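Chain nomenclature is as follows: A, B and C, assigned in order of appearance, with residue numbering initiated at 1 for each chain independently.
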Amino acid sequence: MKLHHVIKAQQFTRDLLDQIFSVAEEMEKVTLSGGSDILKGKVMATIFYEPSTRTRLSFESAMRKLGGEVITTESAREFSSAAKGETLEDTIRVVEGYADVIVLRHFESGAAERAANVSQIPIINAGDGPGQHPTQALLDIYTIDKEIGHLDGISIAMVGDLANGRTVRSLSYLLSKYDDVKVYFVAPEVVKMKDDIKDHLREHKVFFAERDDLAEVASQVDVIYQTRIQKERFGDRVQDYEKARGKYIIDKSLLKVMKQNAIIMHPLPRVDEIKPEVDSDPRAAYFRQARNGLYIRMALLKMVLLD
Amino acid sequence: MKLHHVIKAQQFTRDLLDQIFSVAEEMEKVTLSGGSDILKGKVMATIFYEPSTRTRLSFESAMRKLGGEVITTESAREFSSAAKGETLEDTIRVVEGYADVIVLRHFESGAAERAANVSQIPIINAGDGPGQHPTQALLDIYTIDKEIGHLDGISIAMVGDLANGRTVRSLSYLLSKYDDVKVYFVAPEVVKMKDDIKDHLREHKVFFAERDDLAEVASQVDVIYQTRIQKERFGDRVQDYEKARGKYIIDKSLLKVMKQNAIIMHPLPRVDEIKPEVDSDPRAAYFRQARNGLYIRMALLKMVLLD
Amino acid sequence: MKLHHVIKAQQFTRDLLDQIFSVAEEMEKVTLSGGSDILKGKVMATIFYEPSTRTRLSFESAMRKLGGEVITTESAREFSSAAKGETLEDTIRVVEGYADVIVLRHFESGAAERAANVSQIPIINAGDGPGQHPTQALLDIYTIDKEIGHLDGISIAMVGDLANGRTVRSLSYLLSKYDDVKVYFVAPEVVKMKDDIKDHLREHKVFFAERDDLAEVASQVDVIYQTRIQKERFGDRVQDYEKARGKYIIDKSLLKVMKQNAIIMHPLPRVDEIKPEVDSDPRAAYFRQARNGLYIRMALLKMVLLD
C-alpha cells in the first residue's frame, strides 16, 4: 500500500494502520540508536497559517532524526489571502518547488484537501481548523495499541469537552474500524458528544453509552481519554465554563478505582483536569503518548517520501 | 570572476550573468539527483528585518540542498534600532561571527550596501525596501533565457504596476545589457513606468514603447511579464485602485492571440491579474519561474562560498 | 567532572571553568577547520518564551557547527500559561521527547531551575528574566582569560548600568573565584551596583571600590567592561535616563589613557556608550567577545551531550 497524502482519519484502513504502527515501532528503535540518514537530501516544508509549536516541533524533530532537512514558517500570515490575496493553491504550487513534502497547518476546514488537489508532492495535514488533525488521531490509537496490546475489545472512556474536542472525534472514527470496542462518553452537559459521531458509531455497530459518574466508569475501562475544557469556546459564559471545568478531574482518588493495567491519556496541553499528583503513576500515559507522536510522524514521513 | 557580495542588479556583467546561468543549470541537475554536500559545514544566516516567507524559504531550501546549514530569524525587529538602538553595522559584525554568509532583507533602501561595507563574509541582498531585489532580477532573466533560448533579440511586454514594481525595474536594467531587445510598457495611467528607467533604456539604445492595447502587444512579444497592482500603494484611492486593477487581465482569450512559443511570467503572488484558467497552458511559466529562484540562489550560494 | 544542566554562574568551580575554557579553545580550532560531526544525530530544542535573536542564533550556530540538528521556536508564547494554561514543567516533559538538549529562555527568574527539576535531558539556561544568563557570564570570563592571559591578579572597571545589568552581576560572581582581583565600579548615581554583590565580594575577599572618574580608572585597569544604560528601566524619568546615559562614554580620548594591552568589553547591543571611532582600535574586544560566545556554547553543548 502506497501512502501519499495524509489528510483525514477516515482515509486509513485497518491494514494501513497496522502498517503505520509497525513502521512507528521501527522508528522508535531508530531514535534510540541515534537516528538515521534515510531521508538525507529530502526537504520538508512546514507551512503553518496558525502557530502550533508543539505539532511543528514534533514534525521537525521527526524529519531531522531521519536525516532530512526542514524549511519552516511559524506564521504564514503573509502567505494568507488577507495579506496580498494569494490563494492557498498558488502558495502550494510555489512551495512544492522548494520541498519534497509539505506539512500544512491551516485555520480553515478542508484546506489540506484543497492543497492536496493541486500538489505534486505529498501533503500532510497538521490540523485544518475545526476539521481534521489526522496525525494526532494516529498517535492516539497507536498509543492505545502499544500500551494495552490490542485494539479489538478495548473499552475507553472519553472525558471532558467532547463537543469541541477534535481528538476524541477523530479517535472515534478510527476506533470504529475495530471489533468489540466499547466507548463511554463522560461530559458536562454543555459539551456533550455530538450526534454525527454517535450516528457513525451506531452505523459501525460500536457500543457506546453516555455516563455521568466518572469513578464508576473508571473502574471498568482500559483507557481514560481526558480532554481540556476549552475556555476559548465559552466566550462570555464564564460560569458555564467554571462549572464544566471542575466537573471531571482525574486525581489520586480516581487512580484507586482504576484497573491496574488501564491507562490515562490526554492530548495536552492540560490545565488542571489531571492533577500533577497523577503524573508519577505508571498508568499516566500522556507524556509517552506525546512521544509516540514523534514515532508516528517519522513513520509517515518515511512512508510518503520513500515507500 | 569571483563573486563576493550580491547587492544590486547593475553589478552583473553579461559574462558574469552567463556564468551564473551555467551554474544554475548545474544546480537544477544537482537538485534532481537528490542534492549535494558541497556546502557541508557552512552556515547561512537569514536576517530578515521584515518578513518575506517565500524568499526566505527559497534561500533556505537552496542552502540545504547543497548540504549547508541555516540559522534564521523571520523578524529581526529586536535587532532594529527601534528596539534597543543597535545599528545594522553592529548587528552584521556580530552575526558574521556565527555564519559564513548573510542573506539580508531590510526595509531601507541601501541597507545591503551598508552591510557589505562592514562585513567580512558575503552579503546577499534579499530585498532592501524600495531599493533592489537582485536575486529576483536574476531568476527573471534566467527564466527568459531558459524558456526562450536566448536574450539577444527578445521582445517583452511589461504589464501592470510599472511605477511601483521593483521587479520590472530591475529586469529593465539587466535587459539593457543585451542586443536588439524590445520592451513594451503596458500600464494603467496611474502606475506608468518612471522616467529613470526610460532614460536608462535610451542611454543603452534599447527600443521601448508604451502601449494601451494588451491584446495587440501580446500577439507580437516573446514574453509577457505580468505584475500585481499593489493595493497598498493606493491608500485611500480605492477607485483608482479598482480601475487600475481590472484593466489588464490575462485570461483564456489572451492566450489565443499570443505566439505559440511565447511565455507568461509573474513574480507572484498574483491576485486576479492572471486567471486560474491560464495555469494549465504550457506558456504559463510563472511557477517554473519561482522554481528557477531555487536554482539561481543555489548558484549564488555556491559561487560566493566556494569559488 | 560531568556537566549536566547549565543553570547559573555560581554552579561553576574554578576547575570546571578551566575545563570549559579548554574545550572552548578546541572548539575555536574546530570552527576554523570547517566544523565537526560529533553531535550528528543529536537534536537541540531552543524554547524561547521571549525573543533574543542574538543568543538564539549563537546557540543554533554552535549546534550546527558540531553536526547537530535544531528545532526552534522564536516565541513560545503559545506554550505559556497565558495561552492555554500549561505549566513550564509540562512543556519541558513534552519537548524532552523530541530533543536531546533544551536551551531555554524565559521571562521569569528561576524558570531554568524549575525546568531542570523535571527534565531527563540537559537544560541550558539562555537567560531567565532578571535572574541568570550563565552562558553570557562564561563567555565574558573566557574572553578576559583569553585576551589578558590570566584571571588571577586582573583589575577590571565595570561601567554604566550596574544596578540592572545582569552581565556585570554574574561576572562578579565568577571573578570572586580568582585571586587578587580588583574591581572598580563606575556608575551614574541612579544605577549604582547593588549591595548583594558588594557583600558577596567582601565575603570572598575581593577588592572593590566605587569611582567617579572613568579616565582615571581607565589608566589603571586591564579590562573596561562597558554596559548600556537600559532606557526601558527608567520609565517616565527621561531626564534621569539622559543624564545617566551621557555620563560615561568611551571615545578616542579615553583610548589615549588606557594601558596598551588593556581591553574594552561590552555585552552588546551598544547604543552610543562606545563611539564607533573606537571600533578599529585593537583593544576594542567586544566583537571578539561576541564570537567567543559561539565557542563557549559549542563547548557546553559538547560537554552536556557527549562527556
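Throughout what follows, a residue touches a chain if its C-beta (ideal position, glycine included) is under 8 Å from a C-beta of that chain, and two chains touch if they have at least 3 such contacts.
Because the structure is predicted, anything quoted here is derived from the model rather than measured.
Enquirer: Quick check of your reading of the touch definition: is the inter-chain graph here a line, ring, star, complete or other?
Expert: Graph shape, chains as nodes and touching pairs as edges: complete.
Enquirer: When the CA atoms of chain A are placed over those of chain C, what is the turn angle between 0 and 180 degrees, to the nearest 5?
Expert: In short, 120 degrees.
Enquirer: Measuring from the mean C-alpha position of chain B to the mean C-alpha position of chain C, what distance in angstrom results?
Expert: The answer is 40 Å.
Enquirer: Can you pull out the residues of chain A that are in contact with at least two other chains?
Expert: 74
Enquirer: Can you name the residues of chain B that touch chain A in the complex?
Expert: For chain B paired with chain A, touching residues are 34-35, 51-54, 56-58, 60-61, 64-65, 74, 228, 231, 268-272, 276, 287, 290-291, 293-294.
Enquirer: For chain B, which residues are in contact with chain C within the complex?
Expert: 40-41, 43, 45, 69, 71, 73-76, 78-79, 84-86, 89-91, 93-95, 97-99
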